[in-house]
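Before I ask anything, here is the structure I am working with.
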Amino acid sequence: MTIEQIFLFTLEMIGTVAFAISGIRMSAAKHFDWFGAYTVGLVTAIGGGTLRDLMLDCPVFWMSNFWYLGVTGLSLVAVIALKKYLLRLSTTIFIFDTIGLAMFVVIGVQKTLLFGHPMWLAILMGTITGALGGILRDILINDVPLIFRKDVYATACIAGGLVYWLMMIAGFNEIVQGSACAVTVIAVRLLAVHYGWSIPMLRNFPDDNDGGQ
Amino acid sequence: MTIEQIFLFTLEMIGTVAFAISGIRMSAAKHFDWFGAYTVGLVTAIGGGTLRDLMLDCPVFWMSNFWYLGVTGLSLVAVIALKKYLLRLSTTIFIFDTIGLAMFVVIGVQKTLLFGHPMWLAILMGTITGALGGILRDILINDVPLIFRKDVYATACIAGGLVYWLMMIAGFNEIVQGSACAVTVIAVRLLAVHYGWSIPMLRNFPDDNDGGQ
Amino acid sequence: MTIEQIFLFTLEMIGTVAFAISGIRMSAAKHFDWFGAYTVGLVTAIGGGTLRDLMLDCPVFWMSNFWYLGVTGLSLVAVIALKKYLLRLSTTIFIFDTIGLAMFVVIGVQKTLLFGHPMWLAILMGTITGALGGILRDILINDVPLIFRKDVYATACIAGGLVYWLMMIAGFNEIVQGSACAVTVIAVRLLAVHYGWSIPMLRNFPDDNDGGQ
């Protein structure tokens, strides 16, 4: 591995840990046991990339590398052992989560382009890589996906993908494309949380009681 | 594209729009934002075909054609802009939804046969193509799948698949097979809604409080 | 088929029936109709192996053999026709369910190794084969997955996988490996139910109301 690859892999592991901790914390709120918490943490961390790889018809990324399962296990141990301390680190975890999100989007975009797919699909796959894990987490804990009601999590992914596209059109190389994409994801998310940005809500249909159909 | 292909693709897009609108409307009842509504609409429209293609191990149909994502976006715009008007179109949407269901079943059956699989699998894949989207929609909005309790949605799919089989045994060509299948799906669904047909319910086990294990 | 293959296939069908009945019974508690119960039963029985095969990128096991769908149908008929009688067979069903679990784990482990994957992945795939069906069942009926809160279902799978590994390291042949794995799964589950073993629960974070994030 080159220094650059080690750097990127470290960022990805930071994201994996942050995503796993998000799943483990929400499992704790649902009184899951350690196994349940580990499973939810793992699905949060690798669920998006797994569906992406199945749809791209390429080997599922975490199957050739024990690290993803390993750091999820370490995340669980950390949450169990350092709970009180972790509470004071909420901001740090949020930063890690945002860095992870950015990494996941860049990875999803680049992998899709690598297989010769068009840019619109790459943006979608980047968004799936970043945002699906949290949706699956909420399904597993039997909540309505948080992301459908607030937060501009997915919007940040899409914005990052669009900036990737712009940089590509502008003729920049892959490193600039990826970096600009990552910075955009991080910036949009931080700004959104800071200023309370949100996407407009869909108002209910007056004659729907429970959604109809 | 031949005239016939354009006709079939148009029917498929009509179905996609109808399925997407069903997902978007139910998202509105759950107070989702636009992103959540778009996601639920998209999954409702393409979810069944996606699992089918993953299991058939062939390229996922919507990945090579932006139209599916595009018309889902147009459906969202339509629901936001024309809400009051759409309410008066409930019957039209129901008809579109039924046409779409029929198209999805025919596509699922034919694609499975194309890959050399037996007829029972083709019927199952046709049913998955038509009915899974609505199940995934209900999982995403955290409801019990509607289709498990009422409606003969899936039964219409299975009936269509069986008629496809009959026409095949009787020696008719693919156009007759597909048309007879589609007409059957539409007829069974319309008749079922009109006469209030339903499938018998499974009565509870007396000693199960919450289902046991 | 050799006698041995018939024996193993019979065990697998016993497991399929037991898993399907578990899904059908929980559907009854949710007032599903026959179609809903069949679907939930089927997903409980084949869901784990389906995701395993998609991730291993090999043909999905039940697509080349009607028996899985067939015995699920027979399970539904049995539940409808023999409900009162089945209630008295709870222990028998539990035994069948445990035998099925053991079979599913062994199949998952061996299939993964067959494709040249490392042992840690085989253990994970064995666990997914055995335990995912029940998780999908609980998602379909809109409950929090039972397995995340109690039962050492998944732990039994993992223990079985580890014993498989030990037998492999110790140089035993595949029959011994598989048998020792199956016996371990069965023993751990029976002992866990008998002695009320459980995995420690994750305590809630004091500042999380509904999980935060």
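Chains: A, B and C, in written order; residue numbering restarts at 1 for each.
Keep in mind that, in the parts below, a residue touches a chain if its C-beta (ideal position, glycine included) is under 8 Å from a C-beta of that chain, and two chains touch if they have at least 3 such contacts.
Keep in mind that what you see is a predicted model, and the values were worked out from it rather than measured.
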Show which chains lie in contact with chain A and also with chain B.
-> C
Interface overlap for chain A and chain C, more than half of numbers shared or less than half: same or different?
-> different
Euclidean distance of C-alpha centroids - chain A vs chain C, Å = 29
Could you list which residues of chain C touch at least two other chains?
-> 54, 57, 139, 142-143
Which bits of chain C are touching chain A when the two form their complex?
-> 54-55, 57, 117-118, 120-121, 124, 135, 139, 142-145, 147-150, 154-155, 198-213
Chain B partner contacts - residues on chain C that touch it in the complex | 22, 24-37, 39-40, 50, 54, 57, 59-60, 63, 66, 69, 79-80, 83, 87, 139-143, 146, 151
